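Two complexes follow with subunit A in common, the first pairing it with subunit B and the second with subunit C.
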Partner chain A sequence: MFPAPMEVLSRLNRMRCTIRLLKGPERRQGLCSASGSAARPAVVRLSVQDATALWERQFRQSGVSEPSLSSQYIMAHVLGAKTMANLGPDVLTKTLTDIQTHQFWKLCAKRLTRMPVQYVIEEWDFRDLTLKMRPPVFIPRPETEGVALEPSPSACSMPYLRAVAVDRSAEAVRLTQENANRLGLQDRIEIHQLDVTVDAEVILRECSRVSALISNPPYLFSKDMTSLEPEIIRFEDPAALDGGKDGMLIIRQILALAPQLLTHNGLLYLEVDPRHPPMIQQCVQEERIAGLHYLQTRYDITDRPRFCVLQRRGTED
Partner chain B sequence: MQRYLVVAALLGEDSWVVPALQITEPWRSTCMCSMSYLVFSAARRVAQGAGCTGRHWLSPGSAGWPHVQSAGKKDSLKLPALNEEELEEQFVRGSGPGGQATNKTSNCVVLKHIPSGIVVKCHQTRSVEMNRKRAREILQEKLDVFSKGEESEVIKKRKEAEWRKQEKRRRAKENLEKKKLF
Partner chain C sequence: MHKLVRLSYGLCPCYNFLQTVQNGARSTLLSTTPKPHPVTCLPWKYGFTLLRRYCDNNTASDLLRLDAVQRHIQGLVSEYNHITRRLENGLLNDSDRKVLNRRQVELLPLATAYQNTENAMADFTEVECLLQSGSGEDQQMFDLLKEEQTQIAKRIDALNKEVISVNNSQIDVNIDPKDLRIDTFRSKGAGGTTAECQQSRSQLQNRDTAMRVLRARIYQQMFHRESEKRKTARRHQVGTRSQSDRIRTYNFTQNRVTDHRIGYVTRDIKEFLRGGEALDELIAELMAQADREALLELLEQNTPGQTIEGKASGVQTLDL
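After this line comes the complex of A and B, so read on.
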């Protein structure tokens, strides 16, 4: 039972109205109108605007991050759109149906537990793609959209691209396959459940060389894991985030494997923590990883140095 | 590499008089913008497309003119390209390292065109890159209206659509009147 519906219901009760909720267990006892049992109790419905504002207030009071946006994204989803902006201003005064009210309440209750919006509505957009989201599979961050731009466009926009994807999480592999199927990309992408730190030999054996290696590996410093928001701590797979003491555990492994995985002049793109670029440069220079050259550090849209571009330069494959 | 500073003088007509001045680096310091001129740095594209020096006469429809077509739009307007150098972009930037360490759904893009002062805010999609793209499209349209006024393609299209709608209403009304007579 959640405070917000109780608040609404008791307020409505004071106005001598009833609200009839669809499911049995959620029916409130003692909140019937006094007008008698013969008449069917009137159902009070809220406008889109009022319902959105109500839950925004509830989120804010409960310390939920992005209270306004959360409420709006969930409402848009209930109304069948991606954003409230898509629906136009006229929708605000429209009255929610029973089903919509119920759905909105159910989803907002989940958000109240700090479940990320992307998991609440079970989808999110990445550039021009809509992808299914499911805990605990890592949610793509908006800054990552920038690295996908050039010169490694998404598989959707370049039909001749073939991709091989690896992840140690079975759930991630399963969800990726689901999304690939939904987008009709199943013939262009192979997805394997492999751990780059443990299954290196298998990867080298199974995968032929690629012209681009793109990775957003777990790169957080272990000590930073405890200060993460509840959205992340409670719902996202820590294995997708924790990069060890200096966040370089998986990065180092990828650097070591890159020369054997890349074609001549092939490129390696790594999304990392802002502290990593100099560390990676040092790593590449010190260990003189055969044929791997550090090309450049790229900044994300928030101007943080977060993408490292390296190149394999060798004389032969 | 030679750069072309393209100064477009507004004639209030469909065609633009575009004298192309061939100048060398640094060219940005000589770039000026006033109310009566729209200055485009069409450097790379004009240089590659036209490949000539001296005076050019370019119209929006000609092959060398750089434009951005909105993908997926049926009858996209050929508007002059935006110069990224003249734009200031802002996103909501949280504290901390960002990236994997945060989960934020805010992806509103605020795009400012410095010379004209026009600001566009876009949160139409759930993707920051799509919002960036959309913000630029909206800014292009606003700039076109701003610079060309009544002659802007955007305004013309809007008026045309409105006229068509009114014509439809008028005809429907006429038909209704005719039917009443019988």
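After this line comes the complex of A and C, so read on.
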């Protein structure tokens, strides 16, 4: 999996880098140590550009998706920035320190196992926020950034907004609390570990009515789970993805609870699979869920029908 | 900003109007706006033959006499009426209403000035009719009517100027989404105006930033284009400065000054060189001529058959 030390050294020679050869045990250690071992790479002074290019090539050869971007995001993180663009063009010729080289190698080795970049660097941006990420908690997808445009631009920018968050995964609850604390929002958000499919009465008891219900539930069709990318299969919680035979298992439960959780004229936003909008419309019509009205289907940035907006229209509150 | 530039280049208020013709053609009308109906120029034309007796060589009325100019004004006025009708209709959603309201506010001064001019014209013809019909009667009545006539003529004069100057130019950056091409993760843009943004790991944020940058760049381009145009206009006036590119001849034997740019002749060199009325008159004539030429050139570019939609020219690409 890793290029042999001699091969690397000759490649580096061609790149005309200065190589400081060490004697003794350090010399025997290869440049690319296995991710498991704690061995440090041999001391080689590489430029930012060369190191990034080297690992990009490595990713590409191993079939890792988005090889160039993966390498760049990890390098930017090692250098303390979000993207390479933020560092300016001069950075490419700078030489990496020992610590930086070691860090970069360690993280790239993780990426080589198809771990998503968000888990490798343990953070990612969601709109104007930077959130901590940790496996197996589900990584927010870029399309989801679009769904939050209507009810509120961002919780941070609307100080009077209060939220209640519910998830069946203890890990997810813990990570959400951590992010809330980091962003200073702990006084405005309540996080509960509850499962909508089994803890319905608890939810109805604990949570007072809200003006907006937003959910990105597990909505994949079970049969589609096997065709997912290794990044998802190996590292993300399947319970956050699998929605049952028709992907509607959790969605149906949310639809059933919504009229009792929403205030009068309150809105329900669901992120779903592109096949779901007509199914949800049918569901709402057939079962005549007390006062739940299908308002509209919204499209994501790739123009697929992904978001369903419903409204509770009852007579009493 | 345009007022400043206008003064420094010494062009008359009519330059503002040139901007409008261009911007009016460039502004995005809502798709449901009907085409301006055929112009009934009768009141205007009629008014002008009378006015010529009372007004000085008025640049505003000269311009207004041109068909293309009249058509343009009529178009804007009918657009205003159409928008007013639609707003009163009430069957609009919020965003449409906002757009229409904004446009209505833009067009309001012109529409009012036009309406006032029409009223003044009507009064004028009324007075004229009275004058002609009551030609046998007392002198006092006659004098009163004559006075009335000159008053109205002055009103019309002022309103004409207003109509022209009221269309102040705005560089409005309207980016039609159809002209935008958004490439995510592209490193090299193809032609046109581009804005690249990779500052955030959130694509939504990158897109917002890139849009802002693109808008700023387009604005800069448009501004640059406008100033280039102004520069060329000025260059037209300055000329080649070659020996044979003579602009004025002072003939002392015959006591005559001839300006060759417009074929203007005046006697009494002494008065002229003193910077008196004769010089002012010449300058006014020159400015009028320059504006006329510029306007005609502009109108020739925007030939009547073609409709110019509102979009920034060229391909705009937005690299994220």
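Assume the second predicted complex is superposed on the first by the 276 of 317 C-alpha atoms of A that agree within 3 Å, B and C clash if a C-alpha of one lies under 4 Å from a C-alpha of the other, contacts with A are read in each partner's own complex, and residues count from 1 in each chain.
Operating definition for what follows: a residue touches a chain if its C-beta (ideal position, glycine included) is under 8 Å from a C-beta of that chain, and two chains touch if they have at least 3 such contacts.
What you see is a predicted model, and the numbers here were worked out from it, not measured in a lab.
Per the definitions stated earlier, placing subunit B and subunit C onto a shared subunit A by superposition produces a clash between them.
A count of residues in subunit A touched by subunit B and by subunit C gives the higher number to B. When the shared chain is aligned, no partner comes close enough to touch A:278: not subunit B, not subunit C.
When the shared chain is aligned, subunit B and subunit C each come close enough to touch A:73.
With both structures placed on the common chain, the touch criterion links A:127 to subunit B and to subunit C.
In the superposition on chain A, A:304 makes contact with subunit B only, while subunit C stays out of contact range.
Of the two partner chains placed by the overlay, only subunit B lies in contact with A:219; subunit C stays clear of it. With both structures placed on the common chain, the touch criterion links A:85 to subunit B and to subunit C. Annotation: subunit C segment clashing with subunit B after superposition, chosen from 45-53, 153-161, 189-197 or 261-269, is 189-197.
Subunit A residues in contact with subunit B (one complex) as well as with subunit C (other complex) are 69, 73, 82-83, 85-86, 124-128, 142, 145-146, 301.
Contact residues on subunit A toward subunit C in their complex (touch as defined above): 69, 73, 82-86, 124-128, 142, 145-146, 301. On subunit C, the positions that touch subunit A within their shared complex are 185, 197-205. Here subunit B touches subunit A in the complex through residues 89, 91, 93-94, 97-107, 123-130, 132, going by the rule given at the top. Residue ranges on subunit A touching subunit B, taken from their complex, read 65-66, 69-70, 73, 82-83, 85-86, 116-118, 124-128, 138-139, 141-146, 149, 216, 218-220, 224, 228-229, 231-232, 236, 240-241, 271, 273-274, 300-304, 306.
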